[in-house]
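One structure, pasted below without further comment.
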Amino acid sequence: MAPMMKSFVMKGIGEVGFLDKPVPEPGPNDAIVKTTRALVCTSDVHTLRGGIGERTDLTLGHEAVGIVAKLGGGVKGFREGDRVLVGAITPDFTCENCQRGHTSQCQHTLGGWRFANVKDGVFAEYFHVNDAQANLTPIPESIPDEVAVYCADMLSTGFMGAEHAAIPLGGTVAVFAQGPVGLMATAGARLMGAGLVIAVEGIADRRELARHFGADVVLDPSEGDAVEEVLRLTGGTGVDSAIECLGAQATFEACVKATRPGGTVSVAGYFGHGDSVAIPRLAWGAGMGDKTIRTGLCPGGSVRMRRMLRLIEMGRVDPSPLTTHRFRFEEVGRALHLMETKEEGIIKPLITFGA
Amino acid sequence: MAPMMKSFVMKGIGEVGFLDKPVPEPGPNDAIVKTTRALVCTSDVHTLRGGIGERTDLTLGHEAVGIVAKLGGGVKGFREGDRVLVGAITPDFTCENCQRGHTSQCQHTLGGWRFANVKDGVFAEYFHVNDAQANLTPIPESIPDEVAVYCADMLSTGFMGAEHAAIPLGGTVAVFAQGPVGLMATAGARLMGAGLVIAVEGIADRRELARHFGADVVLDPSEGDAVEEVLRLTGGTGVDSAIECLGAQATFEACVKATRPGGTVSVAGYFGHGDSVAIPRLAWGAGMGDKTIRTGLCPGGSVRMRRMLRLIEMGRVDPSPLTTHRFRFEEVGRALHLMETKEEGIIKPLITFGA
Amino acid sequence: MAPMMKSFVMKGIGEVGFLDKPVPEPGPNDAIVKTTRALVCTSDVHTLRGGIGERTDLTLGHEAVGIVAKLGGGVKGFREGDRVLVGAITPDFTCENCQRGHTSQCQHTLGGWRFANVKDGVFAEYFHVNDAQANLTPIPESIPDEVAVYCADMLSTGFMGAEHAAIPLGGTVAVFAQGPVGLMATAGARLMGAGLVIAVEGIADRRELARHFGADVVLDPSEGDAVEEVLRLTGGTGVDSAIECLGAQATFEACVKATRPGGTVSVAGYFGHGDSVAIPRLAWGAGMGDKTIRTGLCPGGSVRMRRMLRLIEMGRVDPSPLTTHRFRFEEVGRALHLMETKEEGIIKPLITFGA
Amino acid sequence: MAPMMKSFVMKGIGEVGFLDKPVPEPGPNDAIVKTTRALVCTSDVHTLRGGIGERTDLTLGHEAVGIVAKLGGGVKGFREGDRVLVGAITPDFTCENCQRGHTSQCQHTLGGWRFANVKDGVFAEYFHVNDAQANLTPIPESIPDEVAVYCADMLSTGFMGAEHAAIPLGGTVAVFAQGPVGLMATAGARLMGAGLVIAVEGIADRRELARHFGADVVLDPSEGDAVEEVLRLTGGTGVDSAIECLGAQATFEACVKATRPGGTVSVAGYFGHGDSVAIPRLAWGAGMGDKTIRTGLCPGGSVRMRRMLRLIEMGRVDPSPLTTHRFRFEEVGRALHLMETKEEGIIKPLITFGA
């Protein structure tokens, strides 16, 4: 009989619980990873609330690191026992969209997102990795699991926000919302050479973290119009680049308004609600203002993950302050609940597996 | 006393007429051009109807060619009598936005648009050109004035739509709306190597012209859902690039929906109405679908104009079929009226000045 | 016992012959293709002469189309009997360089080049395709095998030359050398919107073909300094883009000299000899002239191949005039010999397999 | 009679001295700046030794800041007495190359370089600035003149080296030679998000400074083959990007060899000698290795200068450690001599004008 493992699943919309499932088996190009650390994401809450539709007994979670437990015959260069990081997004790298360079859109829109979407996620003692050759990344000895796990989604997504923003060296950037992705976008903007980084956030603790991660100016939108303040700080012109990190109409709109003509709005937030997102017409130059709106989904793959790890290894960034709470796997339900209520000043809850 | 000239002006919102004005004088970096041919643009109608606010006795028109009549002392390399083309957009090339490469946004959003906006336009016997060194372009002998005049706005704007669309060589493109700008976007997509160009247009004559200018497939939106048909023609994936050439919610939305993940929506239309333009959320990948939305305003300047003229000179494109009507300067009012009513199958009315 | 097939091999440097080999078997991600048409390439000659070192009984050839004979278990979406095109370069799409977007450099420099290099080529009754999911492309019914086969290398390489050349719409291009790759670079420059295409070639027949494929001006270097003529034709400035299609010091040097400051030199030729290639210092602006030198190796993969096929299907280009000679598989040795001597005005010899 | 000023000139090749010249007068678009601080550059030595040909009584120097002394009538937004920075390169921003975005190649190759080349330089009590509107930049109060002056050339050129290198966030970079430009390239690579910066330099003091400016690893080429060590440090693949900062065959060659396939070699050095610069053929992938070689000349203009100043103002970089020596204007000859002999561990000598 197949060995069994404990999994934390979404039983249906709004309902969670632990479930025993068989430990998965790898196909020829796959790997099975024994989970050591994971992070809970706001999108887990969104999924649980029905954001991507009905799911039955689906294991939640997409941010994890662990140890290689089993390898398919076609996976070269790894051995059982290797410490590995797996990106939240696991493309196949061969489909049409992957060949076009849009690996997060593997096969179809957002199709690289497989964990806790179209297959079981990582909140389990073991998880399955497709196309493992390109989706497993060795973790350098100097980086603890609980730090490396931030590369899977938070660094990759937040930094993508900065990379898509076309920031000129010495240019000006505004980052709207300073949740974990926003904080990493702020860190990313600094890493990429922004000369002025303005972070906008309503929660005081997050504003403090924004400063820690490199914001030069931190604005509290409850204390005045953030767009007007951004314009004032840039001599009336607006920033070269604005990064949206909430997935909300208000912050998106603020991004378009705060950006100068010829500037770029980079969207890192997930827009979970409504039929449409409105571009403010005049701030957009009536469709002629040379403002570019880019979007993207957390880039995955071993090359991406290795670069993220290198930035940690070489001391460029330390995501540890994002860990505001720690739980054992058995307590993951409480972590998920906190991510929903955003109580206790939570940014990211770290989940420890095993002993 | 200053010599006088006949001008066709907007007396106020909704009211036009001829007015005698003094022939303008050039400053040190300027030129005065004697108009020979001009084109009427739908944006002239928009201006007349109050689209950019109140104006008093403002000379209309921004598409023209002519003969150098007078040169400021700082303008080198031209002589009185030279046949010249002047882009609809006349940047100063030295301001902050120009140095950043966004010359159409000279000084501020859309600031490169001066003619018939912040200074007198070209519907006059003479017109004034700022920063003439970079804004005058000699017309090759082989190109008649009535052909060259299409470079000022129609080719430059339509082709910009294609250039901003990131069309892969052999890729698929959909161009929504086939007015003069849309037709030039269609021609531009073909010129840039699209492997499949789909043109969408409700008016039969324009669909026929779309074929003439290079569309492989022409869709009539009144005969079925154009987005569905684009998806069908591309095996369900959508096009690599969609070009919006109307400035309307419906066509913009169709562009986002018809574009594959990782594709580009290029906006060449002017959005004249409403507070906002809505991005359809799901088709946009909920802000994560790697779809880029670019915009821009007709690029100007002598280098741009020379490239447009070269494409005509070398037989790559002939915009002449856009000229559906011809009028003498004295009749420009009637031309403007036709552009408003879109009667008689009008695409572009050509205005001839002088004898 | 395994079924056998006839192969045309390089027995050792300078020596060729037919050899019976077992029909290859596919691994789980592979396919076996029954060859129908192939082309001989100058690089086959180069390999035979020792250009990539010693090889024993290696099947030559890398340009072919055929029929799917057998599929590995992991290859989806194809069936035995499908007519397929296979790019000359067959990346794995998952290695580090592939993930970085440089699929032709799979695993290591030029590593995507496997046929007749590190494994048997296509001059055999059957050939083996690695990573078949991404390296097989269905051939549309309307395109005969003998036309489709040009996509494998000639179109993909020549067009890459144009794509890497950063040609502005309406810009000026010079293509040095008009062998089959150069002719496709000329066609590619036209397809991508060049306003002036200057082809340079010493052989009269090829100059004629250059005109056929879209060159506006054709220069014979034996009749005068081609660089000087290019400068003259561009008003002294040089072209926006130059494409090197021979892999020789003289043409490379001419490219750098013929290109304006801020322009691009795109290399499509293979440099087979010598320790180094010399950049002319002054023409290069003493290392400060803003001239970019790009290189690349024939892009492969099904997305690339599909776009190439689409350009043929939609009538954008017809490579058929490149076929100057036709041989049966049994005569492939004579075809190879002609490619070496360049006698009889040969451009490309087409090889037909089977009845 | 025109007021006179002291100038330090190149009397002819190899001969310098002070000369009284009339204080220059501005044309309508020009400005006259009273020099406060300047820097001596190795290219001043190169010019003196005949590197750009014969010159008679040409004022040397191109890196300076000062106070606006006189403004042409067409220059808006500045007042006499303003503290200003002027880039070493002063484009007109309107010529063909400028419109194409290559402002350092104004009018012709390297044509944006006017100071101490085609007009008097800045080693004088006053200097003349063409196209002053776009070439003057106000210096923020918080930045002393002796720091701001580094933006004119050292920061702009060194950072350009990094900007042209296509460094992926978290990628690997090698910077060859750590003179003042190389040190700023090192700082620039760090500012732009490199995950590993390897600096190569033979002089111990400069290696120490390289560490100070952000190099993670510093190699002494006299202690072993730097290319091999770079390959070793990158797991055998080579760096994503290499930056050449010396203008020499050996370092250029090392850059090509140390760069991975698909990587970029960015040239910031000036190649002053020889007919050609040799690309090592095999390391270049025989012209097919997807390695890009970019070059450029110190970008100028007020937007560029403002970004450089912002990086200093916001604490991103402090070039002060480059100032190893200080001289009064009267002693500039000694400074120039030291720049030639490279004695006393000189990096940059700062020249102070006036009291």
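By letter and in written order, the chains are A, B, C and D; residue numbering begins at 1 in each of them.
Note that contacts are C-beta pairs under 8 Å (C-beta built on N, C-alpha and C of every residue); 3 or more make two chains touch, one makes a residue touch a chain.
Only a predicted model underlies this, so the values are computations on that prediction, with no experimental measurement involved.
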* Between the pairs B-C and C-D, the one where more C-beta pairs touch -> C-D
* To do: Quick one: report the Å distance separating subunit C from subunit D, using the average Cα coordinate of each chain.
  => 41
* Residue list for subunit B, restricted to those that touch at least two other chains -> 96, 100-101, 168
* What graph shape do the protein chains here make by touch: line, ring, star, complete or other? -> complete
* Asked: subunit A touches which residues of subunit C in the complex?
  -> 28-29, 74, 93-96, 98-101, 103, 131, 133-134, 301-304
* **Residues on subunit A engaged by subunit B in the complex (per definition of touch)** => 96-97, 100-102, 104-105, 108-110, 168, 237, 244, 247, 252, 260-262, 267, 269-281, 284-297
* Tell me, which parts of subunit D touch subunit A in their complex? -> 159, 162-163, 168-172, 188, 191-193, 195-196, 216, 306-308, 310-311, 313-314, 316
